[in-house]
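The same subunit A turns up in both complexes below, where it pairs with subunit B and then with subunit C.
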Partner chain A sequence: MSIKEEKVRYVARLARIKLTDEEVSLFSRQLDGILGYVDKLNQKLGEQSRIPPTNHPHTASNPFRADEVKPSLKSEAALANAPQKRGDFFKVPRIIEE
Partner chain B sequence: MDNLYSLTAGELLSLLDKKSVKPEEIIESVYSRAQSVDKKIKGYIHLDKEKALDQGKSLPAAGRLRGIPVAIKDNICVEGELTTCASKILRGFKPPYNATVIEKLKSEGAIICGRTNMDEFAFGSSCENSSYYPTLNPWDTGRIPGGSSGGSAAVVSADEAIMALGSDTGGSIRQPASLCGVVGMKPTYGRVSRYGLIAFASSLDQIGPLTKDVKDAALLLGVIAGYDGKDSTSVNIPVPDYLGYLKNDVKGMKIGIPKEYFVSGMDKEVEGSVKEAIALLKGKGAQIVDVSLPHTEYAVAVYYILATAEASSNLARFDGIQYGYRCADPENLLDLYERTRGEGFGAEAKRRIILGTYVLSSGYYDAYYLKAQKVRTLIKNDFERVFESGCDCILTPTSPTPAFKIGERVLDPLSMYLSDIFTISVNLAGVPGLSIPCGFTKNGLPIGMQLIGNFFKEEKLFRIAYTYESNTDWHKRSPGL
Partner chain C sequence: MAYEPVIGLEVHVQLKTVSKMFCGCATGFGGAPNSHTCPVCLGFPGALPVLNQRALTGSIRVAVAVGCKISDKITFHRKNYFYPDLPKDYQISQYDEPLSEHGHLKIKISGGEKTIRIKRVHMEEDAGKLIHEEGGDSSFVDFNRSGMPLLEIVSEPDINSPEEAYRYLTDLKLLLRYLDVSDCDMEKGSLRCDANISIRKKGETGLGTKAEVKNMNSFKAVKSALEFEFERQVKRLETGERIVQETRLWDPDREITVSMRSKEEAHDYRYFPEPDLVPFMLQNDLIEMERKNLPELPGARKARFASAFGLPEYDAEVLTQEKETADYFEECLGFYDKPKIISNWLMGDVSGYLNAKNLSVRNSKLRPQGLAGLLKEVDSGKISGKMAKDIIIEMLDTGEDAGVIISEKGLAQISDSGELDKVSEEVIAENRKTAEDFLKGKDNALMFLVGQVMKRTKGKANPAVVNRILRDKLTKKQGEEDA
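Showing the complex of A and B:
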């Protein structure tokens, strides 16, 4: 499988990253090479339908804790790094079109 | 007396015990060293001597690291201190809380002495992907220090810190440790809390020590390890007294040598040094056996699917809303997201996010992501089989080559990815790995070997590494700076 420039633009849109034309062309070539390399999983190893996938090194069970109220971040601390804020809120461009 | 900055934490703690040095003398010594050599190495991003001296004023009397300056990789949160992952998108970010490892260091009296350079978001093997500047190898400043914890490895090697913390997702502690001639360990997945480590790939990341010798690595891991309710993937197994396992004795220990890690075409000097190290351990009574990890050749491919997929998801949070960089004058919300991320991320971060998004996208998920997860199972099974056969550790080179030249692999991401070929499987399996100096090339570049252990058996790696170190003096050499 190879990755065309059009595909790179599409995926960049999914990932919410604006790319320059130079980046699209460079990444398309580089990702083509990388995908060619990782394709050996498909070329050399068969379907592996009986092998369970591993998503975590340990057999994970969901850890639960007691449902207790504990102190959490104060809103001034949570807002301290905001690029733009107003009062107790993060400030963002208008979301709902007029 | 030697310059204080050149000593290990173990040596400094015994001087502190005898009251023959004061903590502020250690801090002064390390800072004056950093001031004189970091111009050449550029291992640090942020250094604040006054804050370090303040920390030294009230130290817990019984603290296991009281008065010891520890450098921290720039992706581990320190409350109120710049923590930027060496990325433009996090410029100016000051976390509102400490990572669990930082709380543990502080409660044992360690001095947080500075923030070390890294590949942006830990994406890289050379430190050239930092948005600030590349770090240089103290042994040859025309070469890279390794990465992504290259700053941490370089400042320990150059005696600009007594010890350091790094993080390791595919070799990011062990490979720079090897290339800079220091000890570095990636603990078992779940051994150290990841709370406050800015996530790259959550199923692979671990924080670990970079130190001047094995004893310091055991000491530092003992401090940072342990269960943490704030990290649901940390594992509730008691932390052994690692220092108690440091004996110059490997009689009867079984060491596996995997044939897949000694292939034709590998660097002759690396191969020679590692084989001499095997012979030394055999001479000390270890049993050396041939083993096989048959799925090794797929590890890099599996890794670059899983790690980029996880990264694309983890890095979705950098959107210019709550912290960090925001683009100027966005037209609307979509424009804000796209330009903030386009302008804020460096090239390798964008490349990995796009690759990760692609392998997770509709139509490709089964062929890439699910397939890689299945092959991850096969790789993990390989290790389990070797340890079930009675091996105490697996011994390999850490990196296929010594430090390469600056710029040599920047234009070819795949060649950069392949520099982690011996370290990546360890993260996929979740087992611990330690890199220790085992020689030098004719040109004076450090060579490292890797000891891989079974789950939660770090103490065995320390024992074997300590024995090797006690019978060699590679770790005593320092770069002429």
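Showing the complex of A and C:
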């Protein structure tokens, strides 16, 4: 598998990350290298040892919490780091969607 | 060329828990903006989500009730997108290992039942709420809703008319309310529905290009939006145009759907496993416990009401439309053993009152014992059915016992023949001509005399008793005159 610059630009846009042309070419090469290594591993291991994807390294089992209310933050605390606020609301640029 | 719509529905319901899905913030409505928030539901770095057990068991209950296959292992995924109401820039949802898949819901359609397959039932968290300033250039965010537990129920495209979509929603809501997992109140947003609709020529089995329709705030709106959308798509095909895959919003004022022009670059959510939540291995006993504790479901209860209580199908259906009403009915039966009479009162005067006041029977002041007490007074002849109709309103208003209202207002029916004797004599004496008419064979004349007695007793006389007394007196008089 190889990573084309186009793909890097696309993922960067999805992630809202602004990349310069130099960065795009740098990351393409680096990601290409990483994925190339994974390809190599797959070839070495071959079909006989297909490993299912691990979505968690933990073996902990089912940590639940009971349905109980715990104190929330005070609004002042919740809003303390907000770049903009009005009253008890976070204020953001208007979202237009029609 | 005849077309038919092919519809699939995505329903989100808010699960009835006291705390949010992954944190201990309260789920109740009405707090000041952002007062039900914490580092987890605000998406602060380093905060760790922990699954609410009741959210999981409630979800399992629904999955079991719609006959889904429940996975032994469930995982959560991050659904990535950017929107100001989503504090983490991802929503914790489920992707390739959802809670459950492959269920079905039987819906009532004219002339029988239809099975709508359910593709999957999975858990996810809700986003916050955005409020737009009229004409301004800012929006405001309240994260109280962020992290509320949601259940998403996705149907297969088995629905073939707006009417069927409406039935599906009604029957699904009924089921969810019986399961006591959600309030399913569309107005409060605890039930939301999006619809996918495409059309095809009748008889074909393929699927056409679909449009996703959003922004319906009632089941009726879903039906109207689908009716509009069906016609719009038919018109397009008939005029040789193509149908574009897009999201459209229902505009309830203009009663049309409008394309969402936003540049939603073909949704690419880049789902990946949520590393903050380990996979859950569902023990079979947890699933079995929910299965065992499943309440009697609406269809079964309706059938039982008809067979065990001898109620007409219509009564059985109406009484089981809300679990609460059905429970109430059965409680009444514990105090008064005439199912059809209770049913008549609940479906008639009581529901008339409740609808006018927008109350549920449990929120009214009428207790099952109270209703039973009133019906017994009617049976004993102490009051007439007509009086009972007035008394029940008072009971619903005040919660007072029938007996108390009857004696306080002097409402008891006069069945005492001594008193009615006297009044009847007077009425006959003052209406000689009418009395004679009756004796000549005019039955209506008697009704007039009964009416006069009722009037003099201010409606308190027992009409049956008055009827008997008058008839006796008049025929006796005739006998005397003839002799």
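Going forward, the second predicted complex is superposed on the first by the 83 of 98 C-alpha atoms of A that agree within 3 Å, B and C clash if a C-alpha of one lies under 4 Å from a C-alpha of the other, contacts with A are read in each partner's own complex, and residues count from 1 in each chain.
Everything below uses one rule, namely that a contact is a pair of C-beta atoms (placed from the backbone, for glycine too) under 8 Å apart; a residue touches a chain by one contact, two chains touch by 3 or more.
Being a predicted model, the structure only gives us computed values, none of them experimental.
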Scan A:7 for contacts with subunit B and subunit C and give back first, second, both or neither.
first
Which of the two partners, first being subunit B and second being subunit C, lies in contact with A:42: first, second, both, or neither?
first
Counting only touches as set out at the top, which of subunit B and subunit C does A:33 meet: first, second, both, neither?
first
After the superposition on A, what does A:75 contact: first (subunit B), second (subunit C), both or neither?
second
See if subunit A has more residues touched by subunit B or by subunit C, and give me that chain.
B
A:88 contacts which: subunit B (first), subunit C (second), both, neither?
second
Once the shared chain is lined up, is A:18 touching subunit B (first), subunit C (second), both, or neither of them?
first
Please work out whether A:65 is in contact with subunit B alone, subunit C alone, both, or neither, and reply first, second, both or neither.
both
On subunit A, what residues does subunit B touch that subunit C touches as well?
14, 16, 53, 55-56, 58, 60, 62-63, 65, 73, 78, 84, 90, 92-95
Residue positions on subunit A within touch of subunit B in the complex are 1, 3, 7-8, 11-20, 23, 27, 30-31, 33-35, 37-42, 44-45, 48, 51-58, 60, 62-63, 65, 73, 77-78, 80-84, 90, 92-95
Subunit C touches which residues of subunit A in the complex?
14, 16, 53, 55-56, 58, 60-75, 78-79, 84, 86-95, 97-98
Interfacial residue positions of subunit C with respect to subunit A in the complex
17-19, 23-26, 32-39, 42, 50-56, 75, 80, 82-84, 130-133, 136-143, 249, 258, 260-262, 268, 270, 273, 275, 278-281
If we count contacts the way the header does, which residues on subunit B are in touch with subunit A in the complex?
92-94, 96-97, 189-190, 203, 229, 232-233, 235, 297-298, 300-302, 304-305, 312, 316, 319-326, 330-339, 341-343, 345, 347, 350-351, 353-355, 357-358, 361, 364, 367-368, 370-378, 380, 412-414, 417, 429-430, 455
